[in-house]
Every structure is written in C-alpha cells, then in structure tokens.
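Two complexes come next, and they have one chain in common, subunit A, joined by subunit B in the first and subunit C in the second.
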Partner chain A sequence: MTVSPLAAWRDRLAALAPVLDVAEVPFRSQLTVRVSDPDAIAAMGATLGVLFPSAACTFTSGTGRFGDVEVLWLGPDEFLVTASPGLRVTIEEVLRGALGTVRGSVVDTSAQRTTVVLQGAQGREVLAHGCSVDLHPAAAPVGTCVQTLLARTGIVLQVTGEDTLTVLVRSSFAEYFAAWLADACTEYLAVP
Partner chain B sequence: MSFRTDTGGAIDRNTLLRFTFNGVEHTGHPGDTLASALLANGVHEIGSSVKLGRPRGVVAAGSEDPTSLVQVEAPFSEPMLLATTVELYDGLVARGLAGQGKLSSEPDPARYDAKHEHCDVLVVGAGPAGLVAALTAARSGARVVLVDEQNQAGGALLGVDEYLDDRPSAEWVADIVAELKSTPDVLVLERTTAFGMYQDGFVLALQKRTDHLGFAAPASVARQRVWRIRTRQTVLATGAHERPVVFADNDRPGIMLASSARTFLHHYGVLPGSRAVVFTTNDSAYCAAIDLAESGVDIAVVVDARPEAPARLAAECAARGIEVRAGQLVTGTEGPGRVTAVQVGDDRIACDALLVSGGWNPVVSLFSQARGTLRYDAELGAFVPGRELATVRVAGSATGELDLTACTRQGRDAGAGAAAAAGFTSGSQVPLPASDSRCTARSGLVLWRVPGNDDASFVDLQRDSTVADVLRATGAGLRSLEHIKRYTTIGTAHDQGKTSGMIAAGIVAEALGVELSEQRPTTFRPPFTSVSFAALAGRDRGDLHDPVRVTSIHPWHVQHGALFENVGQWKRPWYYPQPGEDLHAAVLRECRATRESVGMMDGSTLGKIDVQGRDAGEFLDMLYTNMMSNLKVGKIRYGVMCGVDGMVIDDGTVIRVGEERYIVTTTTGNAAKVLDWMEEWLQTEWPHLDVHCTSVTEHWATIPLVGPKSRAVLAAVAPSLDVSNEAFEFMTWHDTEVAGVPARVCRISFSGELAYEINVTAWHGLAVWEALMAAGERYGITPYGTETMHVLRAEKGYPIIGQETDATVTPQDLGMSWAVSKKKPDFIGKRSFARAENNRSDRKQLVGLLPVDPAVLLPEGSQIVETDRLPEPPVRMLGHVTSSYPSAALGRTFALALVRSGHERIGETLYVPVEDSLVPVTVTESVLYDKEGARRDG
Partner chain C sequence: MQLIPCPWCGPREEAEFHYGGQAHVAYPGDPSALSDEEWARYVFFRENPSGPFAERWSHNAGCRRWFNAVRDTRTHDLLAVYRVGEPMPEVTA
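For the complex of A and B:
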C-alpha cells in the first residue's frame, strides 16, 4: 500500500475550484541526472525519446518506450527526468546504461518530491503571492522550468500549458505548500 | 459649529458617517479622512505632545503630518495612525495620542498578504508628472506599474481648484487614469505607498486595501498587501512637501501648512477656521489665502517675510479686502489650546487659524534610498536630487520644479527615457497641459526660523524638539547632521522628519556658520511611512509561519498520541505517552521495552545523500576523518566530519552500495548544511573529482528496529532475508523485501542493542511501519521517540552533534581517536590536530558523570567545579553537563559532560552546583551500559 504526501489533502485541494483545479499526481517516476557530456546527454535523450533541454530554465517533453517523458533543466549539469509511475527502476537502468563510463550520476528520487498540477486562468496570479519569479506569460512561456521558492518552501515550477502550472515540491514540505496554496486562494474564491 | 463648505470637495454630502473621537460622537462624509471630518466639526486638538504634553493638532493634510497621531479603537485597536491618512468610515472609534499608542493584546483578525510584481517601468506618484510619465511609458508598450498613496490619482491637483487646458483638472486626471487602466500590462495601484527602494530595482509598496471599509471590510480580503515590485526602470514623481517656518509657540492646534489648508478646502470641503492669518515666505500661500477668502474665511492678514510682496498677488488680495504686510514676521502665538491670536511685530491679531508656508521640500526619500546623491538648492532652500541614476529618474516637483507644465514635461521625458532604457520605443506623445494657476512658480525667501523663545520654537513637533535643543547640540560641539539627529531625535518619529529635517539642517548650518551645500543631509531609510509588522508578516503567520516538515509516517504518530519535538523544521515524535504517563514515565517504559524486547522509531528525517562517481571514495576520505575508500561494497562505517578547524561538525554512517556509489547519512538538523558543504568543496576546491552528490533524504523512509527481539520481528516481515548473525553481520546491509516492499536493511545500532534500519521509499513508509507494528505485537513492540533515542545512545556514550558538541570539540575530545585516520595523507581538519592547543591535556573531554546519590538528576547545562565548597569568585569551571537522564537500564540517573582533563579524571569526585547545593558526582567513562558490547548481536 502506498500513500502519497498529499493524499489527505485531496478534498481540500479540490475545493479550490473554480479558481484553480488542483490535483496531486502521485508516485511519478523521477530520476535526478547529473551529466555534462553532450554525447551522453544525446544518448540518454535517444533512449527516452526526448531531447534534453539545452536552454536554462526550460523543460522538454517527448514520447518513447516509457510513454510521455519530461526532462527538466535544474542546473548547468543537472536534470530531472519525470515519467509515469512504476518506471523508476527501469528508467534508472537505461539511463545508467546510456551514461556508460562517462562522468555523471543517475539517482532515483521519485519519492523525494510530489507533483501537483494547477489548472486555471488565475494560476500565475495566485502563485505570484509567494513566488518572486516573473510569471507573466511573456517572461514565463509554456516550457519554462525554474527552481525557486514559493513562500517558504523550495519548488520546481513548470509552465506546462497556457493556464497550467506543474509544481514539484519536496514531500516533507507538501502539506505546507498545500496549506499555503489554499490560503492564497481564499480571496480569489470569495470574489463572485 | 460646522466648518464644512456647502459645495465642493470629493465628499458625498448626502451620506452621513458617524464616528467617535476622544469619546465624543461626530459625523462626517464618505471621502473624508478622520482629520478632515474633525476639522469640519471644529475639532483641532487631536492629542498632546510626547514629552511636554502640549496640545497638538493637524499640521498637514497628508502623510507628512507630524502631529495627528491617533489610536483607532474600533473595529480593531491599532496604534499610531495619522488622522490625515485614516479614511473615515461609519462606526470609527479613535482617540488622540500623546506620541505613543498601545498595541492590541488581541490577535489581529484581518488577513494580510504579499504579492510579487514585475515591470519595465515603475512610476511612483500619480500627480501630474507621474501620470504623464506612466502614460508615456504605457503607450510605448512597456509593462508599467503606477503606485500612489492617495485613494485617487491627481496628487497635488487634488488640493487645488485649477483648470488644465480650460477644464477641471479632475477631468484631465480621469482621462489619463482611464487610458492607463485600459492598457494591457499596466497596473494602477491606489492607496499604495512605495515605502522602500532597494538595489536592482526592488521596491516595496504597502497597499491599504480594506482599511477604508472599516466594519464592512470583507474578512476574506487581505486588509493590506505588501507589493514586492521588481522593475527595470523607475520614475520617481513623489512631489514636494510644504515646509513650515519655526517661531515661538508654533505648535498650537490651528497652526497648519497653507497648502494643506487649501487641500482641506478643495478636496474635503473643510475650512480651517473662521479667521485666519497667513504667514509666508513665497507666493504659493497667496493662493490659499485667496481661495479661503472666497470660501468665506476672514483672512485677517497675509504676513509676507519678503521685503516686497508680489505685486499681482498683492493686488488680488487687495481686491478681496485682504491686508498684506510685507517684510514682517510672525513672532509668537497665543491660545489656551488652539491658537487664538498671533503676534506680528507689535500687533496682536486675533484669529483661530494660522496658515504657514516656508517653501517646498522635494520628496527625495526614495531617490536617496536608491543611493541617489542629493544637492542643496540655495534658491529653494532644499535638497534636490543630484545626478540621475542609470535606472532611476525623477520628475515633477520632486526635482524642485514648481511649474505644472514643466513638471509634466519632465514626466513625459522621464517616462519616455525609462521606457527607452527598458527597450521600448515611444508611442504617440502625451500632450502637456497648461494650468490657469494664479500663483506663479517662483521660489521665495529661505527662512528657517523667526528668532524668539528658543525653548518654545518647535523644530520637530512630534519629538518635542526645539531650536534650543538644536543649539544645545551644536553648542556641545556636534557638527554632523547625523549626530545632531541622534542627539536631538529630530526626524526619528513616525514622519521621519518630512517637515522638520530640512529646517533642522538649516538651523544647524546657521548656528555653525557653514553653507548648507557643505552639509551632508541625513540618510533617508525605509520605510517612508509606517508599516505594521502584521503587513510585513503577511500570511507567514500561524500555521504558515514556518513550514512544518513531516514524514510519511507522521499520521500514525498523530493517531497514536505522540507528543512532538521540533528538530529544525521537522516535527519528530518526542515520546508516546500512555494514559497517565508523563515524559519521565513514558521514556522509562520506552527504554525498558527497547532494551528488553523490541522498539522502533521513525528515523526518516535523517539526512541522506547519494554520492556517486569514480572518485567518490577519495572524496569521502577527504570529508570524513576516517577512511571510507577501503570500505567494502555491502558494508557500513560510522564516520565523523570536521570543519577546517578540526572541530566536529557532523557524524553519520557511510554505506557503500556499489564500487562507485555510497549513501551517507547526516544528522537531521544538518542535512542541508552537509550537502552544501560537499558541494562547496566539489565546486571550489576539487572540481577535478568525478563525484556527484544528490539528496535522497525524502525519497526514503527510515525505520530503526531496535532490541533483542528485532531480529525475530524482521524475520517475520522479510521472509527472503537470512537474518542470522552470520549471514547479516553488524555494519552490513542487504537489499530485500520487507512487508512485500523493496527495502534496504542496514544493521546499524545507535543504542548498543541488536538493531536494523529499514529503508523503503517514502510512499511505503506508513504501510511498512504498520506491518512492523503488527509483526512485533507478540513481543510488545514499542514505538519510541527522540527522548528515548537520546537516553539509549547516552547510556552508550554516543554523542549527539550539537548537544555534546559546540564547534569547539574535536573527535579526540569525544574519545573518538579511533575514528581519526593516521594513515590518510590529508582530510579536512587534519592539519588542526597537530596544533599545540589540540594536544593540551586539559582540553574539555567527554566523560560520564554518576551523581553519588543515584536519584539526583543533574540539570543539563550545569557547571562542574572541583571542590565541595565554592571558593571566592572567580570560581574555576571545569566544564558542563551536556546530557542528563534517568536510566531504566542503569537503575539510576547519569549524565554526559565535557570536563577539563576529563579522561584523566575518571574515578575522581567533582561537584555540580545545583541551586544552593553542590552535588557530588563521580567521573566515569562515557560508556555506561554494556561496555563490552555484548548486546550488539542480540
């Protein structure tokens, strides 16, 4: 039996509709990859069916043998590969194979963070109450991925659609994140 | 008697608002401030002064007012608000203050909020210059934020009845605001004060969102919001504040700034009195005199300090029967409270209002905060912005410019310049308005004070600081304005010297006989106006004050009545009391159960770092004092980590999971610090090492299963694992399945007992915990918390980083020389171990203490002395108690302590002062239980 960090928050998060449709997407497969060798990066991408992001603060997505896979740029040599639940062991293996003897590392960090999807036209607005990154669509277009602070917790923020934001938050901070989000939505919920 | 005009002003005369001030009920209208409503009711005495108790009134109409401090009592008690900036609402209850208010002891029920905003051009101030600047920038397509402290745009135009381009100025303002609000990516914020300007275009602004709604404020809407604005370019159109002139008894209620009286008239429809004297050094006060006269105020006389009155304005006065006396001064005032007469030369002139103008001070606070330099303009008698900054422009009367068209031209240039600097090309040009103002923009005479009774000539009315105080400071030899400010406290009140600072500087310069251009003005610091702590805290209070980190097993702990201990941001179970148990009883029970049968705890908060790479072993050899590269795959080693000074900073276990891969654990509180420490060395000193570190703290749930029966419990839930001592040795690990879940089981003990640490992904933590509870039921498995963990490890003399150590403790001091490699050529901290200081025999060393009376529990932190009687001070302290507990296993109390020459003192009796007695204790080795380690293998 598995329990996700925000299982107990499902109803409270759902109650934030219609301001935001908020749902935890639990148990995603997540692998932290440290690598800078271009050939190894290309090989890893080929294995997953997705081009690794080359620009800072972006993510890429693609579809391959592991279905839909996203690769998030977290730093000059750091990436986070995310995919559907249940694939973490296999993906770790194939990434390690693609890395070969090249300098780098692959670590299963699937349970380190949980994934929360926020859908709604006011998502950027709500997060602006706690996030200092410029979330204006011109500054943070679809495909943006930043590691930043939301209020007092670190998050990874992906702009996954015009009105869709995906937040990855450390499991131990997930309840704080949910409580903060609910509080930040209060005013928006009150406005008819 | 009402001092409300029949028409005019931005108030709604058809709606009546009731309010109570100083216990008396009054009425006002929507659009009033508390100050304007009080003045309309003829109430000029607001409070009294902080030191002298002199009655004080309203000096200015806006946030620069030095005197009208009130305590709002309802709807929520709030101290130190200015009557001039409190918008009136029905049911308001307030009272005047004597310089000090009282914070409510009740929690503030209102919500507070923060929001981040980004823009290309920020314009501060929605007066004529700011409006044109904002519109110019907006038409270029830039992202624009316009903030203004008043409840509507217009700035100084709100206080006059001028026409711009032959139509009321309000229409011109409304058109611009409408265009701004309909332009995409333009944000207009009313009731918003930019109160702090910092590096790199970071500006803080406070928006008062529902204050003005009073009892009707919706509970769900944040009452105030701090805007955290990051802008590429800024236009400061912050305007100018009128400056008074100092003379004897210049602090009476009824004495106010001339332009403020004009603002009360035009914006609020309020007259300052029935008969007024105007005292001015410049033209602008003539407009106030003429406007008030036309509204029915008897202007007794206009006293112009200049040798000659301006001919055209003097003629306009004459046409209205207003006497003008040039070359004269107001030398004093009279009145029981409010002013009743003014002394002009030898004449005593009866009046109930005295309107003063000493010229205009550009508002340069934000410019100065942004590190802009100021320059003294002798003609204005004021500091004005010096050189422009690369990202900050100043426009309008904030530059010292007084002509409206010129101000708006500056606004247009600044708006276009800022937009261009941010990469935008100008759109269609904003036309500049022309004003019909009578009062030509001309500087007047610079006059700081009229000689008279220095003790009653107030420079800073809020601080009760007088000319005499300033002269006392200069007389004492103080020359710097910064020093004089601190000596006299001028400019340190809520208003930060908006009306007094410049005058103080002028009086100082006169007294010292120096030019003001040689004087450096005092530094302007945020906040520009008062900001409540509640607003700064925003929603970071209550449950959101600090994140509470919890493990995946946390719900179980809550369900089973655990009490929690904060460890960093984590909530960790402290102990699990059963009915009737206190800490002491619960911990004794938990300890006994664990030592005699089996216990378990939630160790998920332990820091865990995955260290990978060809050079991982070499890297860990450098980080830990002992050797890690020779650890075999499948094995585990305890390790100590030191800083470059050789002092212990952390400890934990190192698990070799592969040829090029280790998992290291850290103490709960140091997880992030140790990862940073590793990254720092990798990135700055050893970039050549092929090593990468990744935090996996929260990926794993960790459950220590401890006690002689732990093997049987583990065997029950891990059927495929050979748990025998031979197959699963101490300090080794095995991957297996526990309760059907993939798990890594490590044989590690922090208690001396047979013990296992079971690691599963956090998702499985709760289920595995419950499976272990069920499997251990027949052995009376007992969950235990951090307190029991502390006792169990202390009985074995295992130190806790941060409890036994304090950044002055070496591994050798802890009796861990065995963990310091003598073979390794180098590691962090090694160099320090050769220092003479490290090798002194009288260093403080970790030992055990057994009170001679086995029932006495030493308080942690107690000092340790050598003799059974305290000698005369200074008493030599040998060290202190670091941990102290009653022990079920030992059947007595015991303690750990750091003691000078501790290792040599084993067997000695020392003394611990506890309250009035000296408690004798026997020094022992730090390991007090199972010295031979017989219990380790079960």
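For the complex of A and C:
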C-alpha cells in the first residue's frame, strides 16, 4: 500500500478546522515541461484543453480529455502540469507527442511534491507568518502561482480561490510544513 | 530584509537569491592560446569598484533563473536589474 507523505498528519491537520480546512490531496499527476517554442506551447495547451499561462507567476486551469488540469508557470520556459492521480504516464506521452521534434522536455515529477489545500478566510494571514510574498488579494488575486520560501522550505503557492490556497510542497518537507502550519494556526484557535 | 526585484517574479526577499559574482566576464575567445597568467586573470581576477557594480544573481527559491543586477557596493542599493543577454542599462549612482 502506498502511504501519502502526510497520511500520519491527517487527524492533526483536521484539528485545525476552526481556522483552516487543511486537506492533503496526494498522488496528483505532475509533469515538469521545459519548452520555449511558442508553437509547441500552443500545441501542448490544445492537447490538454488548457492554454499554458503566458504571464509570469500565474497558472491556468481547465477541463479537457484528462479531466481537470492545471498548468503552472514555474519559469520563462518551465511549466508544471498537474492532473488527477494515475494520469501521469498518459499525459507524459501525449505531451511528448505534442512537443514533437522541438527542443524541450517532459518529465514526470509526480513523486516530487504533495499537494495541500488550505481553505478558510484566514489562510493568507496564517501563511504570512512564514512567507514574505505579498498575499493580499490585490497583489495575489485568484490565478496567482508563485514559487517562494515558506518558513525556509521551498513551496509552490497557488491562489485557487478567494479563500482557497493550494500549496505544493516537496514530499520530504511535507511533515515539516504540516508541523509549521499547525504551529502557525495555534494563535487563531479558541482558547479552551 | 532587503527585497531584490527579480526580472521575472518581482520583488522577493534576499534569502531566495544566490550571488554569482561579476557579470559580463566573457569566456576567452581562443582558450588554448592563453598563458597561465592570462588564465589566472580570467578565472580569479574581478573588479572591486566602490560604486555601481554589474553582477549576476540567481533566483534560487523562485524561478531559478539567472539575471544581472547593478548594485551600488557602497549602499547595497540595487540600481537596475536586467535579464541575461540584455545590455547593461545606464545607471546613475
């Protein structure tokens, strides 16, 4: 049986519910795409049914033949495609096909990061305890996707809704992230 | 903490960056023709100005891209940032 990186933290994260609904969404299919050719980028987007983000520090999402798919901007020629679990091999093959002979790469990095979804009005405030990026809705509207440091660990932060934040954290740092999050939420919990 | 404006990601904390030394140090056109002294000069010798200094930075914790910045070594002010391949902009210190 495969155990997700935060399986042991499920109860402790659920206990933060008065402040934040924290849920791990493990085993998402994740593919790192390196390509700079605009035609290849358009072809890959058409294949997935989701246009690749053209602006820095944003992500796009949509529904296509692989269900709900998100494409995250990681760098000027680097993207991360995320989709439901179990699709990584199929998507990798399809993206390779769309890439054709153009210079670029598609690499399965599904095991690299786990996904944590934070839901709650105080999510931005809690993350601000350890993250220097301006998370005010005016500076980080829905659709923002930044790579930054959260309490010294590297994360990819997606603003997926007004009160919903999605954090991609490396699997080996996931428990550290969970411990930090539990600590940061403490002051918002009601005094017993 | 000082904020460094990454040309791709915007202003981020200095801790996200990695320093890469002097910018615009061209690789020798004909490496095999260099004497030991000329090699040493290429590998080890760098400018050490008091004032604006063009240097390389890498946004390690963000987009992981190298870029160039002009920093005033007296004040640590970043006078300009520009992408690799772009010419060094005119700055007034």
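Remarks
We adopt the following convention: the second predicted complex is superposed on the first by the 189 of 192 C-alpha atoms of A that agree within 3 Å, B and C clash if a C-alpha of one lies under 4 Å from a C-alpha of the other, contacts with A are read in each partner's own complex, and residues count from 1 in each chain.
The rule is short, and it goes like this: a residue touches a chain if its C-beta (ideal position, glycine included) is under 8 Å from a C-beta of that chain, and two chains touch if they have at least 3 such contacts.
Note that the coordinates shown come from a computational prediction; the quantities given were computed from them, not determined experimentally.
Contacts of A:Phe79 after superposition on the shared chain: neither subunit B nor subunit C is touched. Contact with neither subunit B nor subunit C is seen for A:Trp9 once the two complexes are overlaid on the shared chain. Contacts of A:Val107 after superposition on the shared chain: subunit B is touched, whereas subunit C is not.
Of the two partner chains, neither subunit B nor subunit C is touched by A:Phe52.
With both structures placed on the common chain, the touch criterion links A:Asp183 to subunit B but leaves subunit C unconnected. By the touch criterion defined above, A:Ser171 reaches subunit B but does not reach subunit C.
Once the two complexes are laid over each other on the shared chain, residue contacts for A:Leu149 go to subunit C alone; subunit B is not touched. Between subunit B and subunit C, more residues of subunit A are touched by B.
Look at A:Ser132: by the touch rule set out above, it reaches both subunit B and subunit C. Across the superposed pair, subunit B and subunit C both touch subunit A at residues 132-133, 152.
Subunit C contributes residues 1, 8-10, 12-13, 15-16, 61-65 to its touches with subunit A in the complex.
Listed in rising order, the residues of subunit A touching subunit C in the complex are 56-57, 74-76, 78, 132-133, 146-149, 152, 154.
Those residues of subunit B that touch subunit A in the complex are listed here as 111, 113-118, 143, 185, 218, 220-222, 228, 230, 539-540, 543-544, 546-552, 555, 570, 610, 612-614, 690, 692, 694-700, 761-767.
Listing the residues of subunit A that touch subunit B in their complex gives 1-5, 8, 26-27, 32, 34, 103-113, 128-134, 136, 139, 151-153, 170-173, 175-176, 179-180, 183-184, 186-187, 189-190.
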